[in-house]
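In what follows, a structure is listed as structure tokens, so that the remarks can point back to it.
To keep things simple, chains are lettered A, B, C and D as they appear, and every chain counts its residues starting from 1.
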């Protein structure tokens, strides 16, 4: 394992230190916690937005803390959802009395820890609502199982719920719009190389020199299928196709596209993929309102990408366009 | 070689297509060229800024095309500087009559091709000035050789010269400020894994599992020293130390810091490094005015990073803070 | 052993910690196969902290040992295992509270812990989670009388091994569907260590 | 061979292209050692385009062949090699223009090309660049009389091999300092192929 780190067991603390050192005017670390909050939190009369999860997905989630986005991000150990006490600290720190909204990726650990934190907060009289993001169509959506995972589509929830909260939306309004995003966003990913959790010291899975893993999770969880490596065009067809199947878009529908890199895929490759994604959409008469190409929800140094489509309406477009001042999302 | 591409010989064209598909409202491809220009180029009464170089350094340079930044970026083949005719097209496309300023990284190929393009442009009556960026302190600054290379510090030249041009600076004023940035910016990098040029199909160099290469170039050029992999803190000390040696900063000097990832280094690691860089600077009483952590000047999927310091004064600070609307630099 | 005393409880945690630390990599490898590869790291961090906490306190009652273990696991493990183990130990502490931890109390504690975990994780038996181990042990305790190390060891083992050839429908392994069959569930293995340690405590305390 | 005719010029380019294509990987490997690993790719792309261009035209004069080669290399190679080879061929075409390319003219052409390259690249002999090969050939031509394939081949070879054990002070290899010693300069090797091809043309045309 080769990494630019000090102690494998201290990477989260060290990262947070370096993050706050980089952006001291916009974010703060809640002392003694792994919570990054807006410098000006709690913002008076605003619903507080909290998200987070395991570390290793940077810039998620601390890069999306800022005006028009999250009020706080809770960082767990690498790929391990944060504990209830940490989430609870975040909730307390961003509550202005208008209530706090939790954006949770659908993993058992995240759901359990955030739920317990919500219980702690409610016991102290803080109003808490939540949404669980489950955009990954690689996994079957079943009520008998854990259901679909939350991946890069989560960023659209941050952005749009963040804009709603920033413009003064109530806790209920934030919840309604967040659920609308969740209902309209789908993603699918693939990997060509694994990643190594620092404390584990060895890769999460092995792939032969000519293999790719389709539908793997952002924590190195194995995917749904292992195949021979395909061309960018074929990958675009496969990922976009699966997403379109689930999202049921019609001709002239408007969408936002996110082509997300998992960590070590050069931007060049993301753009190559994006070109084909746009071709596929154009062929179906689907209009792309806005495109995001880059690293938004990574998996350490995994090579691979995901494609996310978000179906838009006028309300979502307006909120997507609203000002946002996070270090990883600036508009 | 595992890459998300179609034809290894078409990666640049495919990338440009996907880039323009992503940002159709802000950039355009000059037809039949590998030039990405501001959608609204030429901008009346404004000096046009052109940069570029080999591809594979994304987001450099097309990600820095936009208001307050470059007017055009010329993309060569991977790691190969673009040809004079392409640069000439860029110059013609951004000249509003106020002249065109070229920002060239100091590599023989870039200098020769841009110079020849400048000659072609001057022959057509376009005023052209240029600056050659040579921030890489890993290489000796000698007039008997090619001299120091241009690496991530180039982004600061784009930003600050771009701001000067945007606020109406003359060709001479743009040149003066660009030279001021070049005189005050220094960088140094290191790598822990190589990259593979698509058309070459094999890694640019080999590093053992416990080795790192200090001072390597952003095109996979070998570095100045190969050592055992060190901790993030030690790497920060080495890179920052070399830069400080050259830049001769004094207590209370103000600087901008860029911790730049080369492609597959997780943001987590960049932040860990950044924490130590700030400690080192704080210890010396040097004040950090602004910090940039992320991927600005990459080397395909190379793992590693560079540290850039730019000494600031009031003029540079104002220009650094000015509005910039590139897809990879938004402020 | 007739009652689970403070020293038994402490010894139980110490032995569990030892096994978890010794098998940290093994648990992580199991989790890499069908999860995300952090279970060993998480449990080792959590039980390491539990030992730090327990070593710094003087206890009057096994319930308090369980409570401190619960709170520590809850705030140090994270992931799915943190809240689940935290809940299990919290339930144990609640059932043990204010009474001697005789066999009936202990048995009820495990039953309550099992139910707490099932409720928290919305998991049932047979979904390839640590519920399978806890329920196997709870069943065995219910059908038995008096602390019997072999009963605990064998039931835990059968619960753990039973997790191998079934398909996961809860937790991260559920994403794999049929591909999860044939792999041991990491959480079931860490729970096995817990009960194996308990069996050792019973043996030594007998 | 007394004069370099159109067919000789075309054949020269075709043979060079063949060698470059055949040795594309080798050139790239040389460039990976002390440069950035693109020289083979760049030259192969460039000469491939040169062949496309030349095959589509009918030529009256060797100067025009050189001119089209120059313009194609200039606009298709990029990097350091593009402008340098482009300049060299442009100089050849200028010197050849409007006259028979007899030995004296050819020899002067190589001399002019060498000077053009030196000026463009601000390089002198002994800096481990393709200048070393061009100047070795130019010297040999100057001291000789009449097209002699062996003279050209051997001088080019000695120029190329001389580049091996010296330190680069120009081009990308200069960043390596002493570490560049012991490696062949990729540009010198591609220039060697050019002159090796010329030698073959002379042999066949003799």
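Just so it is clear, a contact is a pair of C-beta atoms (placed from the backbone, for glycine too) under 8 Å apart; a residue touches a chain by one contact, two chains touch by 3 or more.
None of the values given here were measured: they were computed from a predicted structure.
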Components of the contact graph without chain B come out as A, C | D
Comparing centres built from CA atoms, which chain ends up most distant from chain A?
D
Could you work out how far the Cα centre of chain C sits from that of chain D, in whole Å?
75
Separation of the C-alpha centres, chain A versus chain B, in whole Å, is 29
I'd like to verify one number: the distance from the centre of chain B to the centre of chain C, where each centre is the average of its C-alpha atoms, in whole angstrom.
54
Gap in Å, rounded to a whole number, between the CA centres of chain C and chain A:
32
In chain D, what residues contact two or more other chains?
none
On the basis of the stated criterion, which chains touch which? Give every pair.
A-B, A-C, B-D
In their shared complex, chain B is touched by residues of chain D numbered 28, 32-38, 40-42, 45, 74-84, 120-121, 169-172, 174-177, 179
Chain B partner, complex, touching residues on chain A are 2-6, 11, 14-19, 21-23, 55-56, 58-59, 63, 192-193, 209-210, 212, 229, 231-233, 235, 259, 263-276, 278, 288, 291-293, 295, 298, 300-301, 303-305, 327, 330-331
Tell me, which parts of chain A touch chain C in their complex?
9, 54, 76-86, 107-109, 112-113, 116, 138-140, 144-146, 149, 197, 199-200, 202, 204-205, 217, 219-222, 224
